[in-house]
Every structure is written in C-alpha cells, then in structure tokens.
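Below are two complexes that have chain A in common, paired first with chain B and then with chain C.
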Partner chain A sequence: MDAWIEFAKGPLFAVSFLIMILGLGRHLFLQLDGLVRRKGRRLLKAPWRKIFTDSLSWVIPVRHIVDVHRTVLFSVSSYIFHIGVIVVPLFLADHIILWERLLGFHLPKIGTLLADVLTVITIACLLTLLGCRLFVERQRGVSRVSDYVLLVAVLIPFLSGFLASQPQLNPISWRAMFLIHLLSAELLFVLIPFTKLAHIVLFFFDRISQVHWQLRPGAGDMVSETLYGKEAKV
Partner chain B sequence: MNVAANEKEVKIDTAYPYRTLSYFVEDPPTGNRVDRFLEAFAVVLQYTDYKSLLDSYCTTNNKCNRCAVSCPVYQVTGNPRDIPCYRTNLLLEVYKRYFSIGGWFKSRLSSGIELTEELIDEMAEVFYRCTACRKCSMECPMGVDHGLVTRLGRYILSLIGISSKALKVSVREQLEGETHNTSKVPKVALLNTLDFLSEELNDMFGVKLDFPVDKSNREYVFFCAVSDYLMEPDTLMGNAIVLYAAGDWDKWTIGTQNYDGINYGLFYSDWHLERIIQQLVQEVTRLKGRNILIGECGHASRSAHDFVPMFGGKEAYPVVSFIEYTLNCLQNGKIKLNPDIVTERVTYHDPCNMARSGWIVEQPRTILKSFVRDFVDMEPKGRANYCCGGGGGLVSIDEIHDFRMEIAGKIKAEQIAATGAEIVIAPCANCKKQLKELVEYYDLPCKVMGLHDLILTAIEIPNGKSAVERKEEAEMFAM
Partner chain C sequence: MDRTRRIKDILWLLTFFGIVAMVFRFYYGLGATTNLTDNLPWGVWKILNMVAGAALATSGFTVGFMVYVLKLEKYRPLLKPVVLVAFLGYGSSLFALLFDIGLPYRFWHPFVMWNEHSFLFEVFWCVSFYFLVTFLELTPTVLERFGLKKVQHFLHKLSPGIVIFGITLSSMHHTSLGSLFLVTPQRLHPLWYSPRIPLLFILSAIGGGLLMFIAIKMFYDYLQCSRKPGYTCSSVNGNPIKKSDSDQKEDFLRLRGLATIAAWVLGIYLCIKIIDLFWTGAFSSLFSWTWESFLYLSELLFATMLPIFLLIHPRTRKTQSGLAVAAVSGAFGLALNRLNVGIFGYFRDAGAIYFPSLAEWAISLGVISMAGLAFFFLAENFSIFDERWKTRHSQPLQLSIGFDKLSMVWKSVLLSGVDRVSLMAIFIIPIAWWTMYPPFQPDSSLPIHPPKALDAERHVLLIDGNQDGVATTFAHFEHQERLGGKESCVKCHHLTVPGDHATPCSRCHIYMSEETNIFDHTYHLKAVAKAEELTGIHPENNSCNSCHAPDVARSGTTAKNCLQCHDEDMHPVDAPEERLALMTATGYMHAMHKNCINCHREKAEEVQNNELGDCITCHRKQPGSIKFPTLLAKNHLHLN
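Take a look at the complex of A and B:
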C-alpha cells in the first residue's frame, strides 16, 4: 500500500499534472493562434467594451439568477461550487506543501475549519447539480453520459479528501482513502483537457466569442467560388 | 398575463422526425446531401474563421439549460429539440465527428453520430425554428453564442440549396434583379410614393417639401427597409419632418440606384451579407455622400453599423441610426415635441438587433419620455427584452405564420398585454409587421407604431400647422 501511495504521489502525480498542463496549453495555443492569425487586425474592431461588461456581470451574477429565476437552484449551487473547487485544491494547508514541491513557490493557506466547511458545501453543491441533471426534465433531455460522469469524477476527490481528513467518519483505512484521493485527483487532471472541464482556459475564449462576428472580408466569395465557380448565383 | 387567441384552430406539426419542412425551399436538393453538406462545411472552415470558435464550443458546451428557460420558443413548446443548446449541438457534433482528431478517433472506437439525411432534415427545421434573437447567449454562463451557430448552420445549409424561398427570392432580386431591392419596388414607384408623401405632408403641415432624390455631396444618404415605402408612410413622413424641422432638409438624399437597407444575408449567409453591404456602400460613393443614415429597421441598422466597417474597405462611411439622429436634434433643441398630444399609455419594444445585438437601448426611451406622459416599460426590458417572434428573417416567411403567432410570439403578446399599453412602439420594420399580426391574432387592445409615427403627431415645426391643430383635424377626419 505504501509503495502504491508513494508511486501515486510521485511519478503518477507528475505525469498526470503534465498531461493537464500540456493539454490546456494546446487549447490555449490553438485558440490564440486561431484568433491572431485568422482575425488579425479585425480583433481591434471587436466590441471589447460590451464583451468586457458582459463578462464582468458574471463575476457576481445576481441579475442573471434573478432574471432566469427558473434555474435558481442550479445557478446558485453551480456558482458556489466554483468557489469551493478553486479555493480548496489550491489553498488547503496540505496541498500547499504539494504545490511547493512541484512549483517551487509558496501559496497562502486557508484554515482547516474553513477548508472543511468549503468542502462540505462543495460536495452538497455537486450533489445538487447531479440532482438537477437527474430530475429536471429539460436538463435530463439534453444531458450526455459525460455530463454525469464528470460530476462524479469531481465528487470523488472531494469526498475522499474530506473523509481522509476526518478519521471519525472514515469507514475504511486512512491509507486506502488517501490512495483513492490521490488516484481520483490524478484521473481528474487527465480528464481536464479532453472534456468540458477544459473550460478552465477555453472559458475565456467562449466569453469573447462575439469577436467571431468580425467576419473575414472576401471569405463568402471564396466559399461560393470554390463550390459553384465564378458564375455562382444567389 | 395570459393571452389566448379567440376561436382559432391551429395545427402546428412539431412531431419528430421532421419529414417535411415548415417553410418552402426553392428546388430542394435531392440525392446525396450528406457529402455535399460535408464538402460545403469543409470549404466554409477553410476560408472563414469559424474553426477555433467551433473547437472551443465543442469542448465546453455544458448543457446547463439556462438557455432553455430564456428561449421564447422553448418556453412555449417545451420541446427539447427547441432548446438552444440542443440545436447548437447538432452542428457541433457534426463538426466534432468529421473535422476534429478526437471525433475521428472516437468514431474508430465506437459507433458515434453519423451525418445522415434525417439529421440534415432536422437541422434544416430547427435552425429555422429559432429567431436568432440571441437572448439565450446573454444567459449562457460560458458565453456560447447560439445565434452565431444557428446562423452558421443556416449558411452551410444554404450552400447545399436549403434556405427559405422567401428570403432567397428577396436576396436574388436585391443582388441580381433590376430594382436592387427586396420588395421589387421599381424606381417609378419610389418616385410616385415620394410625391404622395410630399402631398400628405403638405396637407398635414401646410408646408411644401420635395424629397431630395439623387442629390450629390449630401451629408446623409438615407436607407430604410424598402417595405416602408409600401407599408409605413407615417414612419417615412416622421423621418422627413424631423429632417425638415431640424433644418437639415438640404443635407440628405435618397439614391435611386439602391434605396433598400434590408440585408437578409445577416440571417443566413456571409456571402450575401457582404455583397449587399458592398452594394449599399457603392450607392453612397456614387452620390458622394458622407454618412449612411438608416431608417427605422433593426437588422438594417445592425448590419450597416457592424459590417460596413468590415466590408466597406476604404469607403467605410460612418453609419447613423435615425433614432440617434433624432435624439441628437432633440437634445440640441433643433426639434420640439409637444408633450400634450400623446395622452395614451405607450410602451416600447426593443428590436433584438438594436438593443441586444446593437447599441440602441436608452436613446428611444429618452425621446419617448420627453413627450409621452404615460410611458411604461415591458418586463423584461432593454437588452433582456423578448424577441417579437419574427426575428432572424422568420417574419418574411408567410407559411410559418401560425408558428410565429402561436409559439414564437406568444411571450411577446403576454408582455404587451401586461403593460396595459394602448400604443406599442417598435422602431423596426420586421418587428412592426410581426407585432401588428400578433395584436390582431390575440385581439390585444392596442396599436403598433414606429417611433417616428408618434413623433409625426407631436412635432412642432416653424411656419406650419401646430400639433394641436393637426390633432383636431385628424379627429374631425376620423369622425
């Protein structure tokens, strides 16, 4: 068991983390490349002000939640979930050591109690999101298998991490729980670039997708000419 | 507030699979459409910039369903195939399967989606069940622009010959016909209409105005939705009288080579969009004009404002919306509006292409509040306002009238009923047509007008009949 834990903490962690970084880097590169090389100077003409204020309105999205009030449960839990999912993995005291070893610098840490409360809230939010997907008909109708799988994939590291830190609640041995925690987190790292979790970076490009109304001059002509020749008719 | 149509039996076939399209297609393509669709898709990806956008959307679309509850169509039908995210996903899945490495890899491992004739039929139907109002895009936490994807889907379909006949015939006349406008209004008819308007203005105001036609070196070259010349004389007279009252009568002109601001390319084709914009710019260059003045029309304003800078090249003239022009005149004291004329309760409908996708939200409200006593806003208003139900070119497709009334426009009718307004102002030719049909369909106790129709009744001009006199005359005439 100890050997497994050492393996998961060491090489496996490094490899999965590397896959995540490279995968996200690829997304970032392709998107930036697509924008800069294809759009070029037209980027300057995009309605950046509007894009910026629109995006800013999502930082504290009270208006969005009030306006589309039929999704209140989903929207609120999804918002709170994101706080937990960013803060706990990055700033938990036990994780700080890990980041320091990997990245070489020191992140600020949060207290154990705060971390515990945040974790419980995050788990509750995750379960709510899962419930919404299962029981709200319109949402179930469009959900894919991956939408459920990913919720569980995020849930396991949180749940196992919490149980590992609470010996009185932990039904199995600490080592087994810790190993589950490590492996599930590493699985998540690998999944991130290949699934919708890639919105960690792609989110920014979605938000500015209004720039794609800056159409390329002459492209329409080229498309019609290629398909129907120079004499293309309406 | 709930509204219901009286004693009308309507059957709208929403059953899946969509065997027949609800709109007419000119020479529908036969044979192997799948290969042609993929070929068209590949060519579009090659020459346009949509690739990185689709890459990102494919990965991130979350299926959270916030778009569903903001979509006026889905809220009425409850049909999962009307959910914006579902519709967008149809095109994204095809993209992923045939144009990305992951999709190719996945298709080797399992039998994923395949582009089939049925899927093409479904896309053809659902992309025209969307009014491209982009309300869902505003409520998408990721920022996925479903309107843009719908438009791209329609563009690819149009390249294999599937597009609404009504739109296509109009665009053909505009680009390749003799009249160069969507309603086929010949030059003679335009001149007759302008004579008629001039006489009407003379009767109304007691001033003789000759419309400036084909004048060179003017400040503004005027384009409106060409249908206004046939159906909305009050809007045009309102436009004219503002120009006269502001002392700008010798600063504007109408061109006779091209007098149509309509651009259906905005709804379904990059190619047509660009060519129509170029045609518009050519006319301004021919007349040596300095600005493009767009009348009351939502998508004409947006397409000119957004795409003239893009496609106009060195001749990218500044675009001014008539609403901005009027507000400017009002704020500089160049025109006066009598606050005692309009006593009815007035509400304002935000055309999607002006508010949400444009830049005109507060301007018309400032104008209205300056002379209307009882102004109420709809709920929601401004950029969050609902589409009239005829957006994205749907209003021009007569065969889907029942869909526009029963489904796409239902929420709008409820919104209007809830305000209790007697006058609905909609500064857009398309919205006006749709709203007039809606008001009739649901027997709502109100009338639909353009912004300048209302200004026409309340404006005070130098050396002419006053607004009060005109109102009395109109009332006598009505009796």
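Take a look at the complex of A and C:
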C-alpha cells in the first residue's frame, strides 16, 4: 500500500497535474489564437467595458437568480459549490505542502475548522446538484451521462479527502482512504481538459461570447443538419 | 497528404520527447543524462548525429561540384533539394553537438581561442563555416517567395564563389573527421584503424551521401504521389496534379545517374578498403568471427556491395525499387561505418559496452525529427522540389465540418494541424518526463522514515519505526503544551543539526536497532579550516590540531567534546561526559522508547496512575494504525 501511495503522490501526481496544466494551456492558446486570427483588429472595437461590468455582475449573482424556471435551488447550490471547490483544494493546510513541493513557495492556508465546514458544505451542494439532475424532470431532460459522471468524479476526491482527515468517521483504514483520495483527484486532473470541466479556463471566453461568436444567418439549421440529418429542424 | 501527415505526427512525437530530454539535460547535466563513461566518452550524439550526420549530408558539395565545376547541367534541378539536405544535415549536427559539449554556452570559444594543433579545431571551423555556406545558398530560394529581388540577385551572383568555398571546406573537414580517429591507434579495433582513415572517410562520405540524397528524394516523391500508374501526385487540397510520364522518367534517370557516380566512388572505396586490410595486417581478424568481424562485413555489404550490385545488374538497374533499396542500403551502411569507427570499435579495448540511455536516444532522434519537420516545412512552402506552394495559396481553404459520433468534436480537432499536434504534446511531454526523469523519486536508501502526521499541523504523529504497518499515535501538540510550549522542544529533540530547528529523529537514528556514527569527519576538516581561516594549499590538513591534542595519538577519545564548539546550536538534554557518546546515535527503537518510557514512569508515580508506564498506553488500536500490535510482549524485552 505504501508503495502505491508513494507512486500516486509522486510521479502520478506530477504527470496528471502536468497533463491538466498543459491541456488547459492548450485550450487557452487555441481560443486566443482563433480569436485573434478571426477577429484581428476588430477586437479593439469590442464593447470591453460592458462585457467587463456584465461579467462582474455575475460574481454575486443575486440579481440574476429569478425563480421563473424553479431552478433556484440548483443555482444557489451551484454557486456555493464553486466557492468550496476553489478554496478548499487550493488553500487547505495539507495541500500547501504539496504546492510547496511542486511550486517552491507558500500559499496562505485556511484553518482546519473552516476547511472542514467548507468541505461539508461543498459535499452537500454536490449531492444537491446530483439530486436535482436526477429527480427534477426539467433538469433531467438537459442532462447527459457525462454530467452525472463528472459530478461523481468531483464528489469522490472531496468525500475521501474529508474522511481521510477525520479518523473517527473513517470506515476503512487511513491509507486506503488516502490512496482513493489521491487516485480520484488524479483522474479528475486528467478529465478536466477533455470534458466540460475545461470551463476552468474556457468560461472567460464564454463571458466574451459577444465578441467570440461569429455565426452566419442560418447557422443553427446547419448545425442541426450536421447532427441529425436533413429532416430535423431546430 | 495522409502519408505525410502520419510521418509528421511521428516526427512531432519524437520532437516532443527530444525537447523534454533537452531541457532536463541542461538541468541535470551530462552525467545524469547519458550512459557515457570515461572509457567510452563518445556517444550517440557525437557519432550518429555529428560524424554520421555530416557524412550523410555531403550531397550538397558533391552535386555543387558537378554542376558548378564540371558543368554537368543535367543535375542543375537537383541543386536546391541538395542544398536543403546539406543545410539541415549540418544544422542538426551542430545543434546536437550543443548538448554534447559540457559547457554549451562556450560553444563560440574555438572562434576566438585558437588551438591549431587540434583536429577538432579544424573540424569546428569548417563545419560551422560550411553551415553558413549552405545557409547562404538556401537564402535565395527562401527570399524568392517574399520577392526580395535585389538581395536574391546579389546572392545569385555570389553563388559560384560560395559553392567553391563550400567544396573546399567540405573536403577539408571530412578528412579531418577521419583524422580524429588517428589519435587512437591502440584503442580502436585493428579492423577499422588505419593510417588511411581520412581518405576512406571522404570517399565513403561522397558515395554514401549521394545515396542518402537519392533515398530522401525518392521518399519525398513517394509521400507526395500515389503508386498508381500515370503518376498522379496529390496537391495539398487533394486536387491531383498529373506529372507526365516523360517528366517522371527524366527524374528517375537523373537520380540513377547520381547513383552510378556513387557506385563508382564506392567501388574505389571498397578496393582501397580491402587493400588497406592487407596493408595494416588486419585481414586475419576479418574471419575470426568475433562480432566485430560481423559488423565489419555487414558494413561492407550494406555500404558498398549491395548498392553496387543493384546498380550493375541489368534487371534491378531499371526499376524504381532497385534504386530505392540501393540508396537506403548505402546510407545505412555509411551510418553503420561511422558507428563502428566511433563507438563499436572501442568496446574491445574498453572491456565494456555502451548503450545510449533513453534520454540520449530522445535527444538524438529528437534533433533528427526537428530537421525532418523543418525539411517538410521548407519543402512545402518554398520552391525546392516543386512549385506546389503557389497553387496551395491561390485556392481558398476548405473548412471541413465533421462531427465524430463518440466525442462530437474530435474529428475537426484531429484534422487541424495545430489542434492535433498540441493534443499530442500535452500527453507526450508528461510521459516523456516520467519515463526519462521520474519526478519525486522516494529515497529508499534509508530504512527508517520520519513519523507521519495524521493532520497537516502535525498535532498528532504516527510513529511506525519498523515500517510494518503498525503505528503508535503520538499526541505531539499535547506533549509540547504540557512540557511548556515551544521552549520545551529541546527536552525531546535533544540534538538538532546546526541551523535546523526540528530535525526528524530518523536523521540520526537511521537504523532500527543498530547504532549509527553521526560524526562526519571529512566535513569537519573543511568546515573547521574555513571557520578558523586556515591557509595553505590544503588548509584542511592544518585543522587537525583544532580538535585533537597535538602530542597524543589522534582518535575520537582524545579529541574535543562536540559541545566545546557547538554549545549553542546543539541542545543535549543530559550532556554526556563520554566524548564518543555524542558521536553515535542509538537505534531508532531504543531512542523512541528511552525518550518516552523514562518520563512516563516518573509521571506514573506522580499522578498515581500505574498504567501510564505500560506498553498499552501507546501501543493500542488507535485511529490511523492498521492492525493491532500482537507482538508487544516480545518488544517488552528490549525496553530496559
């Protein structure tokens, strides 16, 4: 077991993390490349100020959550989930050691209690999201298999990490739980650049979609034709 | 186009592998990267990339000589491709050498600091100047596309002069490359060592270089054209360009003409080589059937006999495949010859075998692949083999919209060059890193690991000294608080390494039950000399008297006590009178037990709790330990 942990902690972590970094970097490069190549000088005339303020208004999206589609639970838990998913993996005291080994400098750390509370909240939000997608018909309709798989893939590292840090709750041995935590997190690293989790970097480009998109009239019909054949209409 | 794409993908793969190896070669140095030794210091970079690479690129000056000096106008269409091959061959050789020299940033030194007694000095000058020559010869072709007519004309006027300068340089450095091996008559195997090795080198380079060029040209044509009758060649957008039969025939005859010249040169080379064997008296070892003799025979077979036979025999002489086999065999034989002279020939004397490490292969093949990619780029974008770039850019780019059923988007990704290559990169770079320089290798030389913590702040430690999976949990933070906060560290961490604050126990108590000598005498020699500012050629020799008394025999018992100097940076709990006691550390288990049990027993009486001094206080099932320790009774024997 120790050899496995050493392996998962050392080379496997480095390789999977590098795949994620390079993969996300590639997305960034391709997006910027495409943007500059297609739009070029016209980028300067884009309404940057409006785009920026619009994006900022989404940082605290109270104004945007209107309960017309009965998705308030989904939206709120999604919002809270994102806070946890950014703060906990980055600033957890146990992870600071990892960052230090990989990057060579200290990040600020959060206290154990705050980390535990945030983790529990994050797990609860994840389960809520999963429940919404499973039991609310409207949301089940727009969910694909990958949506469920990805939620579970994010859930496992959080759950195993939490249990590994709480010996009194841990049903199996600490080493086994730690190994599960490592391996599931590494699987997530590799998944990130190739699934919709790539929105870690791509969401910046969604925000400027007014600039980015360049659809010809009738483009929607062309897409549906390509996807479903000539008869289909949007 | 599909074939070219596949070849390019392989080249990119090798290139990425090479780039990773290059970065780490500079980071870790030669010793960690290569399998080279003092006995066999010339490896694959020098011999395969440089010596063989330069030899395979000789077609540049031979064809130049034919066209500009002998006025064989028939070969003029081959001038541009030949210059490209020479440029890339020499460029990649020099680039590979950059990784081979110990201090790469001093590569320019031979330009300024002359050592005219060295063959390498001459080789360096000729090769770098010849590279410049090929660069100047290639420039007009590149400028043609950008329409810089004046510069182009100027360079065209210069070109005969440049070419003749290049021919001189080439013939000089190819003989010098052979002369390099003249300095090792005792080491090189007698089959290859000969005073005439410079002559043999230049002859084989001329013949083999021409065959190499033929192989490259035929391979390029193969990639561009299908083998169907009528010689349809696809252009970039898939619109076929018909090449007429007569054009094709003329192409073939031109290449065969070159091959015939190469065969003549190689024939002369073969004769000299066999006469030379009698001359040096090495003929007897040719049929000794050692593996050297096999290598020698296969080298002769591939480099000379097979190509000559294929080009003489009336049936194979007329076919494309006959010419192709002759060309590939000749090029391979030439490379084998250089490897024999530069690497294999020294194995017998060294009594050892050299096989390149993975990183050496990666850099060697990576540099060649980069040259290959540059070759495709230049060939496709400038009029070197053909004028294809003109048609490519006049037609609008077709956007292919295709969805892959599985991934919905990947088909378009796989068709676009940048997308595909970057996708390859993000997998190949980590894998290359992992295979060549495994990151974060655990140091398995020390059997005992420092205690692991249950939590990040190390409030609760898991102490598993003998690594059998049974750990005791130790409430580190609680003990610290109880003993009086941070001031109390020295009560347990009795000896810290100078400048350190929390040296782990296992740093000194390395073995489970054996004692360890923790006094580094050699280090102290230098450190004391430095601290006391002693002088002399070897100041550490004067530092003996700083610790040892001058008139008695020097030993540990007569030396100073450690604490006489380290009174501030070491914190012994109970400063031992015995001098040697501080120089040894007891076994890990004894150290742990002695540290805990004495204190626990005292406290047991103080708080009237007898159990506090028992094994079970620490060795019990606790969160984090895996199984219940059953061998406590056995351990108990060791306690006192």
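Simple rule for what comes next: the second predicted complex is superposed on the first by the 207 of 234 C-alpha atoms of A that agree within 3 Å, B and C clash if a C-alpha of one lies under 4 Å from a C-alpha of the other, contacts with A are read in each partner's own complex, and residues count from 1 in each chain.
We adopt the following convention: a residue touches a chain if its C-beta (ideal position, glycine included) is under 8 Å from a C-beta of that chain, and two chains touch if they have at least 3 such contacts.
These numbers were taken from a predicted model, which means no experiment stands behind them.
If you stack the two complexes on chain A, which partner ends up touching A:227: first (chain B), second (chain C), both, or neither?
Touch partners of A:227: chain B and chain C.
For A:22, select first, second, both or neither according to whether it touches chain B, chain C, the two together, or no partner.
Once the two structures are laid over each other on A, A:22 reaches chain C alone.
Once chain A of both complexes is superposed, is A:143 in touch with chain B (first), chain C (second), both, or neither?
A:143 sits against chain B, while chain C stays out of touch.
Between chain B and chain C, pick out the one touching the greater number of residues of chain A.
Partner touching more chain A residues in the overlay: B.
Could you look at A:94 and tell me whether it touches chain B, chain C, both or neither (first, second, both, neither)?
second
Counting only touches as set out at the top, which of chain B and chain C does A:173 meet: first, second, both, neither?
A:173 sits against chain C, while chain B stays out of touch.
If you stack the two complexes on chain A, which partner ends up touching A:165: first (chain B), second (chain C), both, or neither?
second
Which partner chains sit in contact with A:14 here, chain B, chain C, both or neither? Use first/second/both/neither.
It touches chain C, and chain B stays clear.
With both complexes overlaid on chain A, does A:103 touch chain B (first), chain C (second), both or neither?
Neither: A:103 stays clear of chain B and chain C.
Using the touch definition from the top, say if A:86 reaches chain B (first), chain C (second), both or neither.
Neither partner.
Just to be sure I follow: which residues of chain A are touched by chain B in one complex and then by chain C in the other one?
Shared contact residues on chain A: 30, 33, 222, 226-227.
Which bits of chain C are touching chain A when the two form their complex?
Listed in rising order, the residues are 401, 403, 418-419, 422-423, 425-427, 429-431, 433-434, 438-442, 454-457, 467, 469, 623-624, 626.
Applying the document's contact rule, which stretches of chain B touch chain A when the two form their complex?
39-40, 43-44, 46-53, 55-57, 59-66, 68-70, 74, 78, 80, 83, 85-86, 89, 102, 138-139, 141-145, 148, 159, 168, 171-172, 175-176, 269-275, 306-307, 309-311, 313, 380, 384
Can you name the residues of chain A that touch chain B in the complex?
27, 30-31, 33-35, 38-39, 42, 45, 54-55, 58, 61, 64, 67-68, 70-71, 74-75, 78, 136, 138-139, 141-144, 147, 194-196, 198-199, 202-203, 205-210, 212-224, 226-227, 233-234
In the complex, go through chain A and note every residue touching chain C.
1-2, 6, 9-11, 13-16, 18-19, 22-23, 25-26, 29-30, 33, 92-94, 96-97, 101, 112, 165, 167-168, 170, 173-175, 193, 222, 226-227
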